[in-house]
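As structure tokens, here come the structures.
Consider the two complexes below, in which subunit A is the common component and subunit B and subunit C are the respective partners.
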Partner chain A sequence: MNSDEILSRVREVIAKQFSVASGTITRDTVAMDISGWDSVTHVYLLLAIEREFGARIPDDRVFSMDNVGDLVDILAEQLAKR
Partner chain B sequence: MTVFEAALRRADEDPEEIALWFYAKGTVTAVSHRDLIAGARRYRAVLASRGVKRGDIVILLLDHSLDQYFGFLGAMLLGAIPSFMPPLTSKQIPALYWSSHAALFQRIQPRVVIVSDARAEQLRAHIPDGSFETLTPSTAASAVEAPPSGDVSHDSDVALLQHSSGTTELKKGVQLTHRAILAQVRAYSAALDITGADRIASWLPLYHDMGLIACFMAPLVLGIPVASLDPFEWVVSPDLLLRAIEAHRCTLAWMPNFAFHHLVRTRRPEARHDLGSMRAWIDCSEPCRAATFDLFASTFADCGVSPDRLQVCYAMAETVFAVSQTAVGQPCPRLRVDGDSLRGEGPIRVRSSGESGVELLSAGRTLTGLVARIVDEKGHEVPDGHVGEICVSGDFLFSGYYRLADQTRQKLRDGVYYTRDRGFRWHGELYVLGRVDDLIIINGRNFYCHEIEHIAGSVPGVKPGRAVAFPVDDPVAGTQAAVLVAEVAAGGARPKLAREIKEIVLSRCDLILREVALVAPDWIVKTTSGKISRSENRSKYLSRKQAEAQP
Partner chain C sequence: MAAKPAIVVYGNCVGGFLTGHLRQMPAVVEHYDIYWFRSFVAQSKGDEPLDLGALSRCEILLEQVGNFRDDVQRRGGAHFRDIPVPPNCRRLRFPPPFMNTLWPFVASDPRSDSAVRPWIEEGPYPRYVCNSLILEIMKEEKDPARVYERFNAIRIKDRVDLDRLHALTMAKIRGLDRDSDVRLGDFIERNFQTRRLFHMQIHPAGPVLRYICEEIFGALGFLNALPEGHLDEIEHGRGPGAYDAPIHPEIIEHFGLEWARDLSYCHFAEGYFSYDEFIRRYIRFDWTPLLYIGAHLAARDMLLEAEAILVEAARRPHAPSSVFHKLGNVRQRLGWPDAARAAFVAAAYAPRSFHYL
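On to the complex of A and B.
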């Protein structure tokens, strides 16, 4: 799966999780841009992403992402390890 | 007797007993009473060498670390007054975070700020003219342990400051004396039937009263061990708490209501834990919900959690900690009432279980040594079943807000603390409903709407004075969330204005707003007297949300 494909699926998960239009989400989107995305709901989002991709995001990376692009890159790394 | 003397007495009985199982980054360190006292004496030595004396303020701005415990106790040993504050997090803007602290430090004049090695330079760069000294854990580590010395404090001295949540520069430092803390610990441990066999599990930050009193001061005085987890690690891996409970056979845990939901929502289906050792999971610090208890008990029934283990505590820093507590070992009393009757003047109307109504959880009975009265607007006590403001008096009240004489006089009158919490009494049990004022409780932490509005109103692009903040209920998260509606200045909103407002509020209040809704001028409703009505604007916002949600 390439980065664009991952981004596309991540956008769908974010859109569903926070009830926003997926078209508004880009690699530069940050949590502060989306209503309801805080440190607790961030954990639920990552759980939903883990279910979607069947990959685990390491605990020490959970709060080390600044935007959606970082999330996609971390996910790509994990998927490449499989 | 002082808090530290009480702790020393326990430590002398069995110095090798465990005081803490300290969890950090995948490792667990067992800390004995002897280790804890030694760490405190090391800090005492280095603080004394910096000229810290009895009555001086020592601020701790540390992440989850053993130095939090050592530094706090070391300051206490000198008779200084320690206080924990939330450290800078990665999503806060450092310049704003530090400028807010500069304003706070100007008022409280700390003698020393204990700050992590990683942040020390930043602190100095942002507050170059501060009259305090900075101390880092690496400096303290090289200090030589001070020899045992007599306790310099008196039991009537202020032992610590418990800082409130909310806007940093406006934080109120609740002054608690040794005598008050020890009286609270005595009364509360009796209410919970605490014995030497109890063990506490906690992920709570120490800058919060639940973390500080229930999970640090009380166990220290009682000689009970605590499994201490990093709050940030816990948010990411909530099952860390369950594993710690299992590993140490813990019996007590305090958590705000949202945390029960967090444990439920993150439970992996395959995860099994033996939680049968737990005597009480105590819901505290924000309105406790009956639905939360039902959900938690059913989700973890296969792990040994039953309804009689789920309890409620009503607590606040101004009474050191607990005001009331439900009885351990039996299900928390519930009352179904007509929701409208809670808002009216008359008595509450109780409903039977089949009828529609609001299900309330009792907050239990008032602790021995404390009197809680329900009063009307004129300050007259109301009969049972009538809603009013809860006010408390007794053996363990705070002795005022540090250097805030006016605010102390407003809230503490003739030895009575007016909580601004609404509630009623029914068959000896206290029921807590919400607030008289504009305080919002989110994840167990308190924030004032008017402070959020003031910060948002100062962001360029927002029409001055045209921002309104209010709470919205989030039953799924089991807590409240804060929404801000702001009118944009002429010319329309700048790109990223909403994000900017959120970042500024986060940096200055440590609060993430659920939503910033930017609206056109004149959207915000004012009353005929020209005041912004939070409830009317909240209704208008909720109707708009509902309309948007319609297909």
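On to the complex of A and C.
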């Protein structure tokens, strides 16, 4: 799965999680851009992302991402290891 | 007379809680002015002017860490921590207490969002007490009884990895701990299975509040300034918030939460409900608007207006006993003991006998 495909699926998960249009989400999107995305709901989002991709985000990187692009890159690394 | 030095508390409702208790310490009030800068602002409340004078007199800053979206936006992108305080100011950082583990299905409910009014700023069902699984079912099923049946038939473990949710939650809590002088992770991990630590994700219960008070007031040397028995009152008190998020029985079983069996859950002024009652009421979107208006007016000391609204609420068919209780309370405050007694008696005969208000 390439980076664009991962981004596309990540956008769908975020859109569903926070009831926003997926078209508004880019690699540069940060939590503050999306209503309802805060430190509490971030945990739920990561859980949904892990479920969607069947991959686990390493504990030391769980909260070190600054934007959607970082999340996509971490997922790409994890998926490449499989 | 020169202004006193200031203690500034920056944070969410827990910051407000700490501020309230600092103001109850005569020895502290004698030496300091105490300010609370909220890290959030409810829609109808508007912003509070930032009192830079208070910051220039700040000797103790209690700062809640974390990124507060509302706060950063209303300050035009600047975080509170960027605002200067005197260099000799003592800064004590504490984390926002929260816990996701017990509530995996938080969701905004459009029914509640569209009911937001100045007298019910969070809507009758704030997102933390809503349930995405139920909302999903309701897209296909309109009959509340069927929605309830289908929800009950779901195996939670098929939908969410509860242990992973807990691991992620603790990772986040410990991450915030690393930015703080007061640490909550170990306390939460050690106690969450044996004590009720949270009423809902972001509203801590008494044991957490006591722990935070002990840590912060202890670090400041203020514990002796608290009135005797005060920490026990905090531990057994309600704490901030008037909504409880119900805990699914399968989650209670999974984590072995003995304290959560047969728990009743607060739904603002409506009363306390068992898990089943709460879920059924949520599916039906049960609430009593006039009760909220009456409570809102009473909280602002508009007692005659509140009484009139609550009388109207009480006349409605199937008015819940909480309406009569509230009416009785308002009449007591008005100095109408006979009318208050009549309302309390009526409460006993109303459809349910809630024990709140």
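Quick note on the criterion: the second predicted complex is superposed on the first by the 82 of 82 C-alpha atoms of A that agree within 3 Å, B and C clash if a C-alpha of one lies under 4 Å from a C-alpha of the other, contacts with A are read in each partner's own complex, and residues count from 1 in each chain.
As a convention for this text, contacts are C-beta pairs under 8 Å (C-beta built on N, C-alpha and C of every residue); 3 or more make two chains touch, one makes a residue touch a chain.
Just so you know, these numbers come straight off a predicted model, no measurement behind them.
Q: After lining up the shared chain so the two structures overlap, which partner does A:G36 touch, if you call subunit B first and subunit C second: first, second, both or neither?
A: Both partners, subunit B and subunit C.
Q: Given the touch rule stated above, what does A:Y44 touch, subunit B (first), subunit C (second), both, or neither?
A: A:Y44: touches subunit B and subunit C.
Q: Between subunit B (first) and subunit C (second), which, if any, makes contact with A:V10: first, second, both or neither?
A: After superposition on chain A, A:V10 lies in contact with neither partner.
Q: Name the contact category of A:F63: first (subunit B only), second (subunit C only), both, or neither.
A: Once the two structures are laid over each other on A, A:F63 reaches both partners.
Q: Following superposition on chain A, which residues of subunit A contact subunit B and also contact subunit C?
A: In subunit A, residues 31-32, 36, 38-41, 43-44, 47, 59, 62-63 are touched by subunit B and also by subunit C.
Q: What residues on subunit A touch subunit B, complex-wise?
A: Answer in residue numbers: 30-33, 35-36, 38-41, 43-44, 47, 59, 62-64.
Q: If you look only at subunit B, which of its residues touch subunit A in the complex?
A: Contacts found on subunit B: 90-91, 232-233, 235-238, 258, 262, 265-266, 443, 477, 481, 496, 498-499, 502-503, 506, 512, 514-515.
Q: So in the complex, the part of subunit C that touches subunit A is made up of which residues?
A: It is residues 66-67, 69, 72-73, 96, 98, 100, 104, 106, 108, 127, 160-161, 164-165, 167-169, 171-172, 175-176, 201-202 of subunit C that touch subunit A.
Q: Considering only the defined contacts, which subunit A positions touch subunit C in the complex?
A: 19, 31-32, 36, 38-44, 46-47, 50-51, 56, 59, 62-63
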